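The same chain A turns up in both complexes below, where it pairs with chain B and then with chain C.
Up next is the complex of A and B:
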């Protein structure tokens, strides 16, 4: 089995199964619903932070008892898992107010008294002003206090500083992966990188770093990825976890050589300032992270990042792909589509469910978009 | 020697085909889509060949489009139905710059360049409210065959407003309107207006340019054509060629270009 096959296999494992494994090893684990929650604090408290995803879970019947079909399918899937006891093996589940749907899933989880018993909400401001940073720092202090009380652990600045250094190392390693990804003879597809992101956001950071170092060492000896269509794409999304959808995008659209999404490059983008007080630095990074449209005042930076990445990655176009009923995604993409087109960048807007559905329409859109790009090139 | 190029369009409700002989349509075929796309393709190919009048092996190139395009039982090129409707419409009338295609389960607005090639497009998502299927369901709720919905709507007075956000809500609105005693023709007009308004939400992403035509089976509905002209305040280009076969015609031209 190659390292990429190992990564794919690991990414296909449901999170509850991984949680059981950590418990058997005597480790706590916490599910993080949103990218605003710093994994450094959870790691420093001795637990494994696992970015919540619904891999391997199908159906939302139980989740839909509290949520309508007009709520995003991430919320419905996550709550369905909760109602079926799939988070019973976790020691905590943590939410933020990154969007109204995630705030509501916290309310519903508490109301239903679904496991685990420790459920935490970390409110974040919808902008990234100095006042918002101070407010988030206070919330992180409360989070630390709760973890100390509940888990009876030492959780001081030294431990958090150590975790920050480990996660910064991970971010630096991922930056190297990102550079390898845009090469003309890239060894990595977008689906490979998505699977990699899923794995390292659900294993202890030292294991993730070891995996990344191994992958970087093996990359030069790997065969180049075939780009069936010859088209190079940059993908912008929010919570994107469907490896099959990514494979369809790459088969019918083009090779995804870069992304900005909260379950991808955006989650890992940019280091935490190691010289600043830890909580201030964590709050600063969380709010200035590029991936989340929640911070509406950061849109200029996100546009600039996408435009620069498209040019550096020699991308032919940008795909904006959001979950149906993701309200902040819809608002963000409305602006992004216009700003990117004004920069002369072709844009395809897609929307879909967390897993599967609408495969025929997706293929048609991708194929027609590729034909549109080809028509544009032939007219020049 | 006569060059034969075949275009086959396998949609969700109907399967269509056009055969070109030296670039001009020589045979057309339309049937209900079969459960298997491969069988639909075979059926259309056989129909275009006049059920044995010419041998399929005599056809020089085939292009498949529509949802069944990936299940070719023989060598063929593939093109999206968006490109095929675009090129097909431009072959019918070279001044076409905007194609509105209302199919059985989806609707599209397509901007064309002066070669009949796609510049940009917008397509509905999962919602069926702006599709041919919605017209079928709502005609059934009204108690008329879908073929009669358009002529009935042309006689209807304006003013019957239906929700256009969801086919299920629209169906409830139709039943309520019937209970309220509103004339069937006015309800028919309300149905068509609601479906057309839903389709035109796509133009928020893609501005309409003059030289507009409607393709797909719904183009045979005179009520929909009239409603589009009313809403867009522009005349629609009407083809002599069967608008339901425009996608297959475009596919046939792509097949011919591949030679």
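Up next is the complex of A and C:
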């Protein structure tokens, strides 16, 4: 089995299964619903921070007892898992106020008294003003206080500082992966990188770093991708976890050589300032990093990042793919589409569910888009 | 549309100067004819009239309503004039402590109030604005209150802003609408925010962002804020809150004074210009009206209403079923989500306490109050209202674009069940009437009342 096959296999494992494994090793696990929650704090508390995803889960019947069909399918899937006791092996689940769906899933979780018993909400302002940074810093202090009380752990600045250094190392390694991804002789597909992100966001940071170092060492010996010189795409999304959808995009649209997603580059981009007090630095990064439309004031930064990445990665187009019923994502894409088109960048807007659905339609749209791109290129 | 709304308010104000005549003409003669139909002759006034209370508006409320109308006219005329004279206009959204903006002596406008302005031109006004938004590709996921604003902006119905002061709380609709409006308006912008709960610590953080706003505006406008004016505005808000908090509470009485619609009218006015003197005077006159009605009810030993209805979430903007409920079922709405005032008083003693007080005041503004924070903010208020206002049933409009409210339906249902009160969920769109029309609403309500044996 090659390292990429290993990564794919690991990414396909449901989170509860991984939590069971870490529990057997005597480690606590915490599911993080949103990228605004710093994994550094959870790691410093001795637990494994695992980015919540619904890999391997199908159906939302139980989740829909609290949520309507017009709520995001991530929320419905995650809550369905909660209602079926699939998070019982976790020691905590943490939410943020990233959107109305996610803040209400925290409420529903409490109302249904679904496991685990420790459920935390970290309110995050959607502004990046100095006042918002102070507010988040305060919320992180509260989070630390709760973890100390509940888990009876030492959780000091030293431990958090150490975790920040480890995660910064991970971010630097991922940046190297990102550079390898845009090369003309790229060895990595978008699906490979998505799987990699899923794995490292659900294993202890040291294991993740070891995996990344191994991958970087093995990359030069791997064969280049056949479609690396064909249509090159940049993908913008929020919580994107469907490896099959990514494969469809790459098969019928083109190779995804860059991304801005909560479950991809957005989560890892940009280091935490190691010289600043840890909580201030974490709050600063959370609000000023790339990633999510929740950070409304940061849209210019995201646009700039996309445009620069498209140029650097020699991308032919940008795909904006969002989860249905996400109002803030829809508004963000309204703006992005206008701005990117104004920059002369071709844009395809898609929307869909968390897992599967509408694959035929997706293929047709991708094929038509690829044809449009090739017509445009021949006309030049 | 804004000019039209200003003219309509001016006409209404002149008529309200003669309460007896206004009551005979509007409440007794015209309103009853508009409950079931939308004739050509009444199109321009139907929604406004029904929202004001229609055939149920007590004569005692008219002097207070006149002041609300004066304030409305003032709001609309000031932006129309500023636009005409090329003066800068500052837009703000509901959760912003906007008295601060007004204290810069600059023209201001709350675009979220636009749906009621649009419906002053006919009940389809806000729907037409949503259609414009649709045509320009504004995503349908966004709450129609905000789509209406975006449509109006795209249709050229709004005076362009020189500055946008927004708050991305309390909901995704606001957040998403702000994102697009900022893109379309391309002007200076400041976002206020930070508080998810109402603890002193988070209020302090939000207050800090208001201090940052003051600094921002001073730099952009090149002049200082008038603190004395701001203090007087806060004192006006205290008068408003003191009076309207009482009027809200007086609806616990059996029978209630029947001023829910006027309270909702005041909610819109308070949202746009609550610090202006006519609003304070109007609120006090409404309190006087409530006291008079209560005294009258006591004197004649008025019986309990046949059915006491609670409106559990945002009211419909393009119609109002109150008059129909009264006529068909002898029902009275005794509390609604929007027109319930539960504001704390603002401490005006120091600049710091003044800013914190203004922040807290805005976080208690209906809709902001229930929508931000965890489910307890919504459920506890609902539970208290059901139990203390003697409700026989709760009607939820269940605005289809309101994701956070829809996500609380199970919890809300259980709260109602625990209180022993039936709940009806209509699933309408409160701004865009294409989703469910009036007949369908009435049909659903009839079925609900019949199924629950109401009125008892």
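Note that in this section the second predicted complex is superposed on the first by the 378 of 380 C-alpha atoms of A that agree within 3 Å, B and C clash if a C-alpha of one lies under 4 Å from a C-alpha of the other, contacts with A are read in each partner's own complex, and residues count from 1 in each chain.
Operating definition for what follows: a contact is a pair of C-beta atoms (placed from the backbone, for glycine too) under 8 Å apart; a residue touches a chain by one contact, two chains touch by 3 or more.
Because the structure is predicted, anything quoted here is derived from the model rather than measured.
**Student:** After superposition on the shared chain, which partner residues are touched by A:274: those of chain B (first), chain C (second), both, or neither?
**Tutor:** It touches nothing on chain B or chain C.
**Student:** Given the superposition on chain A, which partner contacts more residues in chain A: chain B or chain C?
**Tutor:** On the superposition, C touches more of the residues of chain A.
**Student:** Determine, under the contact definition given at the top, whether A:364 touches first (chain B), second (chain C), both, or neither.
**Tutor:** A:364 sits against chain B, while chain C stays out of touch.
**Student:** Thinking of the overlay built on chain A, is A:5 touched by chain B (first), by chain C (second), by both, or by neither?
**Tutor:** A:5: touches no partner chain.
**Student:** On the A-aligned overlay, A:25 touches which partner chain: chain B = first, chain C = second, or both, or neither?
**Tutor:** neither
**Student:** In the superposed arrangement, which partner chain does A:375 touch: chain B (first), chain C (second), both, or neither?
**Tutor:** Once the two structures are laid over each other on A, A:375 reaches chain B alone.
**Student:** Taking the two structures together, which residues of chain A meet both chain B and chain C?
**Tutor:** Correct list for chain A: 324.
**Student:** Write out the stretch or stretches of chain B touching chain A in their complex.
**Tutor:** Within the complex, chain B touches chain A at residues 67, 70, 78-83, 106, 113, 115, 117-121, 123, 125-126, 205.
**Student:** Taking the touch rule as given, give the residues of chain A at its contact with chain B in the complex, in rising order.
**Tutor:** Going by the criterion above, the answer is residues 324, 337, 349, 351, 357-358, 360-361, 363-365, 367-368, 371-372, 375-376, 378-379.
**Student:** Quick one: which bits of chain A touch chain C in the complex? Just the residue numbers, please.
**Tutor:** 65-68, 70-71, 75, 97, 99-101, 103-108, 110-111, 121, 123, 125-127, 129-132, 134-135, 138, 293-294, 296-297, 299, 324-328, 330-335, 338
**Student:** Within the complex, which stretch of chain C touches chain A?
**Tutor:** Answer in residue numbers: 137-139, 141-143, 168-169, 171-173, 175-180, 183, 191-197, 201-202, 205-206, 208-209, 212, 374-375, 400-401, 403-404, 406-411, 414.
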